[in-house]
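Below are the structure tokens for one structure; questions will follow.
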Amino acid sequence: MDKTLPDLATAVAGTDDGMTVMIGGFGGAGAPIELIHALIDRFVATGHPRDLTVVNNNAGNGHVGLAALIEAGMVRKLICSFPRSADPVVFTQLYLAGGIELELVPQGTLAERIRAGGAGIPAFYTPTGYGTDLAQGKPVEVFDGRPYIRERWLRADVALVKAHLGDRLGNLTYRMAARNFNPLMCMAAARTIAQVGRIVAPGGIDPEAVVTPGIFVQGVVEVANPQQEEDLNRAGATYPETAA
Amino acid sequence: MKLSPTQIAWRAAQDIADGAYVNLGIGFPELVAKFQPPGRQAIFHTENGILGFGEAPAPGQEDWDLINAGKKAVTIRPGTAFFHHADSFAMVRGGHLDVAILGAYEVAETGDLANWSTGPKGVPAVGGAMDLVHGAKRVAVITDHTTKEGRPKLVRRCTLPLTGVGCVTRVYTSLAVIDIVGGRFVLREKLASVGLGELQSLTGAELHLQGPVADLIMAEV
Amino acid sequence: MKLSPTQIAWRAAQDIADGAYVNLGIGFPELVAKFQPPGRQAIFHTENGILGFGEAPAPGQEDWDLINAGKKAVTIRPGTAFFHHADSFAMVRGGHLDVAILGAYEVAETGDLANWSTGPKGVPAVGGAMDLVHGAKRVAVITDHTTKEGRPKLVRRCTLPLTGVGCVTRVYTSLAVIDIVGGRFVLREKLASVGLGELQSLTGAELHLQGPVADLIMAEV
Amino acid sequence: MDKTLPDLATAVAGTDDGMTVMIGGFGGAGAPIELIHALIDRFVATGHPRDLTVVNNNAGNGHVGLAALIEAGMVRKLICSFPRSADPVVFTQLYLAGGIELELVPQGTLAERIRAGGAGIPAFYTPTGYGTDLAQGKPVEVFDGRPYIRERWLRADVALVKAHLGDRLGNLTYRMAARNFNPLMCMAAARTIAQVGRIVAPGGIDPEAVVTPGIFVQGVVEVANPQQEEDLNRAGATYPETAA
């Protein structure tokens, strides 16, 4: 078995119109910039995929990565906790114009809903959000005298994640706080594609140090020296690159 | 004339694809690992937190921190991963295993399985059986076709305490390979030497035909 | 005469024990980390999966894989641990943090907090605020005693969208330290230069006295 | 801050009558034999703790570790998935004589209930056990056309776990399949005590390799070259040692 994919175009080939796509990262840390840009390339070339539902903690920053995906008009709905950033203009304008749907989810609930999706737990109770506007319509139950609201799992057709090391079996490690939502999204998608800084031979990752076991990963593509959203934004980058 | 447990395990192993993620129940199902067809390498999962473990070590080489769900010593291979019990059962319940192969006391045409308890006597113990029957893309059973007393193990409705409802999709027995489709037993393979009438008489629910019935191979193992 | 934000942060820092696990909200609450009393070392948690991180790196030394919840670069220290978002919020919801210190638009005498939304205009964003108000053993607020327009931020009932119900246990303001006990504001400290009547007039719900009221220290920071 | 404890007696001093105690391990792997034996020592010396509710995957094997704890008469109730072993005589005889209560929980549900306890999730839904005797009395709910049963979290007063490396902040790693329930139990107990093979300085564990962050651990005691239940049983050991 070899889950290695030859290039980014192949890696994003299975993402189709109307799909739910989880995209890893918290802000720029752990954001799979190259995979997102490959998805935009495909849309520019073919008009697909479109009408995507995207799950991410944020709504993009500047004009690269997730912000560029939204700017390209590929996203119908965003499920996130914090659609603000240093430069949130792309999402903000589209949202205020009614051009994109937003499901706002508290950050811990978002993480737990994704984990639940991956773990076969269709619903769970949490104190988070009880008594607030974000609990509207959700069942309330009292356990041991304290009220909780019921939340449903989140699952996706595709997850695009960024990892540090990967092997051909799909085992992954992450780099520092670039871990964040990535391991959870690997669990919750029917098809998880990981861009990794380096592909190593099986056994090249200590079995104790594997963060995402290969069972949660369907494809691995090597992207050496991946771009950082923060660096791109400081350089004023856009994607696709605009003519000067 | 019937398949030995080893031959049943061999037959079940033929349906496991290269790279498949597989959980084998404790005991008899563990035999399946020995018969992977040439060129295929399944990745075995054990409930206690290992993916991609290898065979038993030589006697005297056991490390008792490296055991499988049956508490037997195993080994690591290139690509092995360790994880805790909640992540392990996330793999199980979350639909990530391609196949789970389990033993059975009874399998019903409804797909119900009874394999954890023979009744209220003694100390009850369930382990991971009730988890394993949910989530794997295919839940297969390997079993003798009848009990030692000759009573059918494939039945209309289970009489023993259930492990899971409507969970089994294929049964490999000492006489046949039978799928469970829409609440019915559908015969796929049988020993050439066993007539359809005889097979039906040893089966506690109606066997349905749906397409051709192949000969069940009696491997020389 | 009132405490500056830095002085409020200093006051809040005095109540954090050595070895306490602490989450500081984005922005103003982050100031608290600067004023740990000598000999004490709190362990700071950030939602995006770091425990025990250190101060900001020197400009130019940022690693953008090593950021806090405010997306600002931080550093590691001996004993830092990384983990994923579900484990991070298990720490939050599961009652493992000793204290969370947050900003506020409004705090009610019921312990209700409003700190995430000023109403239906614009783009709503909640982040981890609703999670943080549950689970930490103490949920404290640091805030100016009144809004820029001079209206009370400590009120009988919140008028803005709630972050959480009955969650705040202590409020550090520019004029006072106030506990929330049994649905009432209980005054613990106030600036010596501010009379009780004046403080009450700047507070939107009744201030109760229960034991002595100490002088609020105006640290030279 | 220093969570290091000087000895095993100090480590188990906080475990009192009637408490719920989670004990790590799966069979012998990851079982904190020395902590358990220290608890027995205390009982032998003082008559306490007793009437414990113990959470473990199993019910002990032979006459050491958990089996010895049960044999000493300290356990009122056991919550486990599989009370069988190569030599289950201690539990079996006591159970059949009505001397110990048993709550039987499917293994994955047991793990998830403990994790839920640690994560502040008071209840969740699982397909496991639906339609079986173990679902009796549990609420059933249908999600997306499929039935699930509701399970409650499990929390404990004390967790006794076995880890490989630990530091004075409580950060832990485990050794191979000795990980199993240990990291989950660390999360779910008010007071978690870890016996570790070696205490290292903070920073001695790679921040990426920490499995249990110190926030989940209240005490760490060093036990170099810990005993393996399997080795003890093969040698026919009992605890306390009986006179020959």
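Letters A, B, C and D name the chains as they come in the text, with residue numbers starting at 1 for each one.
Here is the rule we use: a residue touches a chain if its C-beta (ideal position, glycine included) is under 8 Å from a C-beta of that chain, and two chains touch if they have at least 3 such contacts.
Computed from a predicted structure; not experimentally measured.
Set against the Cα centre of chain C, the chain with the most distant centre is B. If you compare B-D with A-B, the chain pair joined by more contacting C-beta pairs is B-D. Chain geometry summary: the mean Cα position of chain A and that of chain C are 30 Å apart.
Averaging Cα coordinates per chain places chain A and chain D 35 Å apart. Residues of chain D found to touch two or more other chains are 112, 115, 119-121, 126-127, 174-176, 207-208, 211.
The set of chain B residues touching two or more other chains comprises 76, 82-83, 86, 89, 92-93, 134-135. Contact topology of the protein chains: irregular, matching none of line, ring, star or complete.
Contact annotation for chain pairs lists A-B, A-C, A-D, B-D, C-D, with touch applied as defined. Considering their complex, residues 1, 115, 117-121, 167, 169, 171, 187, 201-203, 207-208, 210, 213-216 of chain A touch chain B. The part of chain C that touches chain D in the complex is made up of residues 18-19, 21, 41, 43, 45, 51-52, 76-83, 86-87, 89-97, 134-135. Those residues of chain B lying in contact with chain D across their complex are 46-50, 62-68, 71, 76, 82-86, 88-89, 92-93, 112, 117, 122-131, 134-135, 161-165.
Of all residues in chain D, only 26-30, 57, 59, 81-86, 88, 91-92, 95-96, 102, 104-112, 114-115, 126-134, 174-184, 211, 228-231 touch chain B in the complex they form.
By the touch rule above, chain D contacts chain A in their complex via residues 112, 116, 119-127, 141, 143-144, 146, 148, 152, 173-176, 206-209, 211.
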